[in-house]
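I'd like to ask some things about the structure below.
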């Protein structure tokens, strides 16, 4: 019994790191209908900037705050300089631009912060917590709690604030949204800044567990994207649930089947969901408009 | 818009035939061979991305599946190279069809997600099935290309063969665009639903193009495996799939000769940029961004602009004379 | 007025270099993975080539000729590696090639170098590179086999019988896994768990839980950073008490930094570079190690890694071969390399022969334990 609980706890921690990345994807998708392939790089940037801050002698708290602020500014700048000038070009062009942005961010970080792997000190020390006989890192609890808070916050944001509703309206129909007085460019800017912020928060939270280097964004982006698809693009709860499901499937596969094929099994689950429930487990039912 | 066949196929092939004379030496020839192999993917992806409006992030996986299948059949099962190659291409096409059938019914980014997932699954197989694939450090000792017992072992001959295959692919792709499938895809720019109401089977056209592009990548894969005689999983990963998309974008998305030029550029550029090794990925990103922003028509569009510009220069003096 | 003074300076400079470098330089080539996933290997190697080129030229070159080392980055990619080697052979006309950094890339180019009849001195460890022997291919790292033997000797002395493996699924992990599987059964241990993890994985608690469940006495983890640091941290998280052996792939200060307090008590085989001050004064490697550490630290502001040491030894061995042959021709260098005996390098003491193109044995390794965030050599 104890191994099962340990696998579940491990999967939960791992999955919540995927889920945190997935939340940023979902936010931009909700506002713009764009799949932002630079989302993993935002997560990486948050972690790397915090590491760089600690390296120049800042306290970890200040380093983290500055890293999150810096990444948010980068997110906003990406939207202003790269996305907005494209205007009404096809979504495909915008998606490819995000691929380009990812390469540029990765290249700049490698150039200025180096190729080494780094780690941050865990927020609450190295002593693990014991839950039902399983060990979980204290940092894992930080990740889970933050993720839960973010999901709740986004839920409130989208359903109870004017900005949130306006943002969803933009994705649904940009023309109609602008007709009722919503500034679509402002909402796109807001969504990029917010998702960069979320990414950076995720990055600094998971770095004590997963470590970071200039190239971790690729894998994080892929896993986060997969988590989104699994949970249903556009739903914050779905993104988090998808991430945790992915992590738990990987962990259980490694424990009971084969550690070599754990990622493959998780992706087979993803493909199955895609084929049989294309909108994901928690996604809104898609209505085709003519 | 009907595309003149000679401009689309004959001229690019002639230019490629002359390149080894301009860039002699075995190193240059290796770069050219890799460029042509990449161009094969680019031609297929030009149809898929540029004309069917679908992104694939898994063509690297198809490339690898064909390469590994052919390597395994020819080495572990001692089949003749031609048979192994046919097996590699055949299996890949079947896998692509099985993936495309359910996926291309769906709208949006379903194909991007599905191909991404499949590409990574395939890469895990190449890495973990050590007994069969040689694992992460690669598959050694693949026989060289041969047909009916004649081994094609000179790089010059390999290059000629590859250019011929690429020419056939370009011709086929051009014909497809001028056929019913091409016309069906053109309706994508208008209303897909309206087209379907008129009886145009857009989904079927997308499937044809997807499977064809996977077939092109598979053919490139088997040729690559038997040219290099060594393959490793890292050559067929997600980043390679992205690089293929970059080639098509640089080429201007819809132009077949443009895609080929994009493939040559993306393959040559890192060799030219060796002096800047640490900033190479950065430069790649900047070029990609600049291209989308300023040359949405890519190399093809840039070529056309330069053509118009030269034409204008040539005409200009006469115009002034007229006025004078 | 300034003009003639400049002219004198230029002419003097020209005469000066003319005197020192009357001869054509000897051109060597190197292929390293300075970017991409294996940058941690290629970066110190690239630096080392730069350092040794300067050092050798400052000391008057080789046989009165200056040397040039043309370094290309293969970005950890096999196609780029093949291109780089062809370019070195075709355009730079090199007399010997150092590298590549990776086993897979090396296996892809050995035939190319051999066909051009130019010696290739790889900095990758896989046994397949040198066994069976290709006359033109050598390598400088200690073989995985030697590391495995060193670990198992320690495990046997400590009385462990049931061993578990946890290896990374890349070329390095695969090579180590194969050798260990073979050695473990040959030496009468039982292998109770054989798990793997991906190079970028961030959580190994599932594998560790399974290994504990299998009743292992000791665990051998085989990988390069950052995976093993994750394993160490997860082991501490789970409170596992079984001893953890690592490979020489993490014998760098970076591992201790990444693993933090979880590194304490970990055992691993390492070359003498990690603990130069603990090498006895009479040891033949002592002077070489001290010189390399001092020069590298001065030039690049950080201590060298054992991966850089592979590059150091490759250059020193080829330089010794050129001196021995008296001529910098590929075939002569190859023949001389095969006859080098007892050359002390950073990674060990090399003796090449016609049927041994690795030249090291298990004595190149020390068993060390991490104590107080530093390396302690075990007797």
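Chains here go by letter, A, B and C, matching the order in which they are written, and residues are numbered from 1 within each.
Here is the rule we use: a residue touches a chain if its C-beta (ideal position, glycine included) is under 8 Å from a C-beta of that chain, and two chains touch if they have at least 3 such contacts.
None of the values given here were measured: they were computed from a predicted structure.
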Query raised in the report: Counting only C-alpha atoms to place each centre, which chain is farthest from chain B?
Result: C
Query raised in the report: Out of A-B and B-C, which chain pair has the most contact pairs?
Result: A-B
Requested in this report: Report, in whole Å, the distance between the mean C-alpha point of chain B and the mean C-alpha point of chain C.
Outcome: 37
Report task. Could you grab the centroid distance between chain A and chain B? Build each centroid from C-alpha atoms only and quote it in angstrom. Result -> 31
Requested in this report: Could you check chain C for residues that touch two or more other chains and list them?
Outcome: 35, 169, 196
Report summary line: Each of the following residues of chain B touches two or more other chains, namely 128, 278, 280-281
**Report entry** Contacts with 2+ other chains: residues of chain A
**Finding:** 110, 260, 263
Requested in this report: Over in the complex, which chain B residues touch chain A? Could you list them?
Outcome: 49, 53, 55, 102-103, 106-107, 109-110, 112-114, 116-118, 120-121, 124-125, 128, 191, 193-194, 238-239, 242, 245-246, 249, 278-286, 288-289, 292-293, 296
Query - Of all residues in chain B, those that touch chain C in their complex - result: 25-28, 30-31, 34, 127-128, 130, 135-138, 140, 228-232, 234-235, 270-271, 274, 277-278, 280-281
Query raised in the report: Any idea which chain A residues touch chain C in the complex?
Result: 3, 6-7, 9-11, 13-14, 17, 110, 115-119, 121, 126, 128, 135-137, 206, 209-211, 213, 215-216, 219, 247, 250-252, 254-255, 259-260, 262-263
Report task. Please give the residue numbers of chain C that touch chain B in the complex, ascending. Result -> 34-35, 72-73, 75-80, 82-83, 86-87, 89-91, 103-104, 107-108, 111, 126, 128, 169-171, 173-175, 196
Report task. Name, in rising order, each residue of chain A that touches chain B in their complex. Result -> 35, 82, 85-86, 89-90, 92-93, 95-97, 99-104, 106-108, 110-111, 218, 222, 225-226, 229, 260-261, 263-264, 267-268, 270-271, 274-275, 278, 286, 288, 290
